[in-house]
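Worksheet: the structure to be examined is printed underneath.
Each chain gets a letter, A, B, C and D, in the order it is written, and its residues are counted from 1.
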Amino acid sequence: MSTWALALFQRDLRLSVRVGGSALVGVLFFLAVVTVIPFGVGPDLNLLSRIGPAILWIGALLATLLGLDRLFQADRDDGTLDLMLMAGRPLELVVLIKCLAHWVATGLPLVVAAPLLAIFLNLEPAAMGAVTLTLLVGTPALTLIGAIGAALTVSLRRGGLLLAVLVVPLAIPVLIFGVSAADAAIHDPVPFLTPFLILCALSLIAAVIGPIASAAALRFESD
Amino acid sequence: MDLGSHAGFIFASYGLCLLTVLGLIAWVRIDKANLEKALKDLAEQGVSRRRPQEGGR
Amino acid sequence: MFEDLSFSLEGGSALVVTGANGIGKSSLLRTLAGLVSLAHGSIRLEGGAPDTPSEEHIHYFGHQDAVKPALSVLENLQFWQSFAAAAHVSGFSGSSVDPMDALNLLGIGHTARLPAAFLSAGQKRRLSLCRLLVTPRPVWLMDEPTSALDRVSETQLLGLMNAHLAAGGLIVTATHSDLALEKTLILHLRAGDAAAPSPEEALQ
Amino acid sequence: MAFWDYANPTRFLKLVQVVLPWLTGLCVLASAAGLYMSFFIAPEDYQQGQTVRIMYIHVPAAWLSMMCYSIMAVSSLGTLVWKHPLADVSAKAAAPIGAAFTFMALVTGSLWGKPMWGTYWVWDARLTSVLVLLIMYLGLMTLWRTMEDPIKAGKAAAVLTLVGALNLPVIKFSVDWWNTLHQPASVMRMDGPTIHPDILWPLLVMAVAFTLLFFVLHLMAMRNEIMRRRVRTLRLRAASAAHPRSAVATAQPAE
């Protein structure tokens, strides 16, 4: 089990980091979204620090969705997907490992960038830590849920936009609990742990449902 | 020398700048080493820069 | 797509599928590969491992090369060696070839460390062929295997295919060019009805 | 691609070989002198206290971030108008260095702003336009990374660089056009600097040190870039050349 899984993980990671890969575009997009918001709502630092966690979460959601459309499409376009279906490896695990590699290449940089961007939004150190922690726990869920959309739209030429439309409703629970956990850390009386644990649970559920649903979609797609 | 109550900010600025410059230098050096290795590998394979010109291009 | 099509093939022999463009040669191969599901009927591989589906005994060599330009040639091949599971079947004695040897065998050993983006179409095709060598599987499905190959590589390919047959493997190939394969059956697809395979050489 | 093997790049590499040690030496001297002056000679400010010492890296870094972009803009003109073979090499090599200097200006600025203004960041015109500059740098770097062919990437990046150059005057004059927290220019003024010589000298020495640092790094990065293109050309050649040894080796096992 371990050799092929490691080989797949390494390959996907290399592909997204090397020339032509898209690992850092997501972070740049995240930075751009966070920069644009203050122009829209005005540069009031108090307001920004109040809505800061929400801005960071929405930025992370959009940046994740942006990078997802090539998750399976690149492999489908050059015939790799057919061979993966025939490789004799459980497709659910293949999807899970691909998602993991994708998250390390695109989701983890978002989490690392979040504290820096929090400075722009005038967040307190406690809020900064809370947002980063919730993003660390929550972004894998976004990738795994997004994988379902990526698998469904794999055969469409311009699937990126449709993917976003399909995935956003499914990602709303993650967004709700991510933001409310981060908010709870700022406003004292509300407990932080309750929404945070629900967020963890959502990630775990997504780790089960995402690969199963994506694998099913990919099998139908090859027909 | 006494830098007053804001010494932390001053050292942080100078330290981060130093780190950034060191990072740039490291990037340039590592990049150079990798490229030189690639050129050496190609030379060992017998691919030369001059050959195709003689072939009348 | 097909009706009343049935054929069987034994170890060590090849089936050449011929027919006009668009008649469904590629679809037939994709169906055999398990990539397109059957409406009726079945595909059986006798002697395979009991609880593995038949497509896991099959190498599919289609029109697409599945070569990643950003990876080096060797990295491409090593990935497939560790990713695709080998299938061992009684009566098939093919063994795994070392990736570097496979590249040398097909004459692209000198490109092993280059990114695959630098390969020509024919070289990518040969790299894709190496994939069949590094993981032993008894059945090769080859869709136009000689496309984009020059005459020398075509001869090499024939040598490899014959070696696979000699090891007890099966080959089903759709092609336009004449392949000098040992022990060949020909399946000619025509609109309306499909001719039964006609033995070109006597089977044992 | 044979174009790259001749004349300009080769001659340029020889020039770099000669100039680089001198530049590096000068850069080290100037940095040492600048650091000494900014810590031990420059007085503390009567308003800002010791934090004024951050200025000696903040202001040069900010200047360099803009100078670097100007160099990229001129190089882009070189790519598009004069088609000089080294122009897009220069532009590509400058982008990461410019991004690093912009990052330094932003970081030192916010570390200076915290004790002075009470916050690390405000969304005023100067700070925001410099942040936009950083995003431009990063975007250009990404554009170069994602396009395989260096010639095409160079042209695309040149167009983007020239369009982005509109941001430069915005940065320069943002302190005059908008009412901001950031203090107005005090060295680069039409009517002469408004700054005491004890502060001005360390600042100028640091600026010279930063400029030298930029040129050292830029030349080294350009040399790398030329080498990278050579590697690319040679690899294309290596792939296309059928290897005689391997051709012999194939004949036996295939039989």
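Observations on the model:
Criterion: contacts are C-beta pairs under 8 Å (C-beta built on N, C-alpha and C of every residue); 3 or more make two chains touch, one makes a residue touch a chain.
Listed by chain with UniProt protein names: A = Heme exporter protein B; B = Heme exporter protein D; C = Heme exporter protein A; D = Heme exporter protein C.
Keep in mind it's a predicted model, so treat the numbers as computed, not measured.
Chain centroids computed from C-alpha atoms place A closest to the centre of all protein C-alpha atoms shown.
Farthest chain from chain D (Heme exporter protein C), judged by C-alpha centroids: C.
Note on interfaces B-D and A-D: more C-beta pairs are in contact across B-D.
Rounded to a whole number, the gap between the C-alpha centres of chain B (Heme exporter protein D) and chain D (Heme exporter protein C) is 14 angstrom.
Once the centre of each chain is set as its mean CA position, chain B (Heme exporter protein D) and chain C (Heme exporter protein A) turn out to be 46 Å apart. Per-chain Cα centroids separate chain A (Heme exporter protein B) from chain B (Heme exporter protein D) by 32 Å. Each of the following residues of chain C (Heme exporter protein A) touches two or more other chains: 69, 110.
Counting partners per residue, chain A (Heme exporter protein B) has 19-21 as the residues that reach two or more other chains. Among all residues of chain D (Heme exporter protein C), those that touch two or more other chains are 148, 235, 238, 241. Per the contact rule defined earlier, chains pair up in contact as A-C, A-D, B-D, C-D.
Put simply, chain D (Heme exporter protein C) touches chain B (Heme exporter protein D) in their complex at residues 2, 5, 39-40, 44, 49-51, 53-54, 57-58, 61, 96-97, 100, 103-104, 107-108, 111-112, 114-115, 213, 217, 220-221, 223-224, 227-228, 230-231, 233-235, 237-238, 241.
Contact residues of chain D (Heme exporter protein C) toward chain C (Heme exporter protein A) in the complex are 148, 235-236, 238-243, 245-247, 249-250, 253-255.
Touching chain D (Heme exporter protein C) in their complex are the following residues of chain C (Heme exporter protein A): 69, 104-111, 114-115, 117-120, 123, 152, 155-156, 159-160, 163.
In the complex of the two chains, the chain A (Heme exporter protein B) residues touching chain D (Heme exporter protein C) come out as 19-22, 24-25, 28, 31-32, 35, 38, 43, 45, 48, 119-120, 122. The part of chain D (Heme exporter protein C) that touches chain A (Heme exporter protein B) in the complex is made up of residues 110, 119-124, 128, 131-132, 135, 138-139, 142, 145-148.
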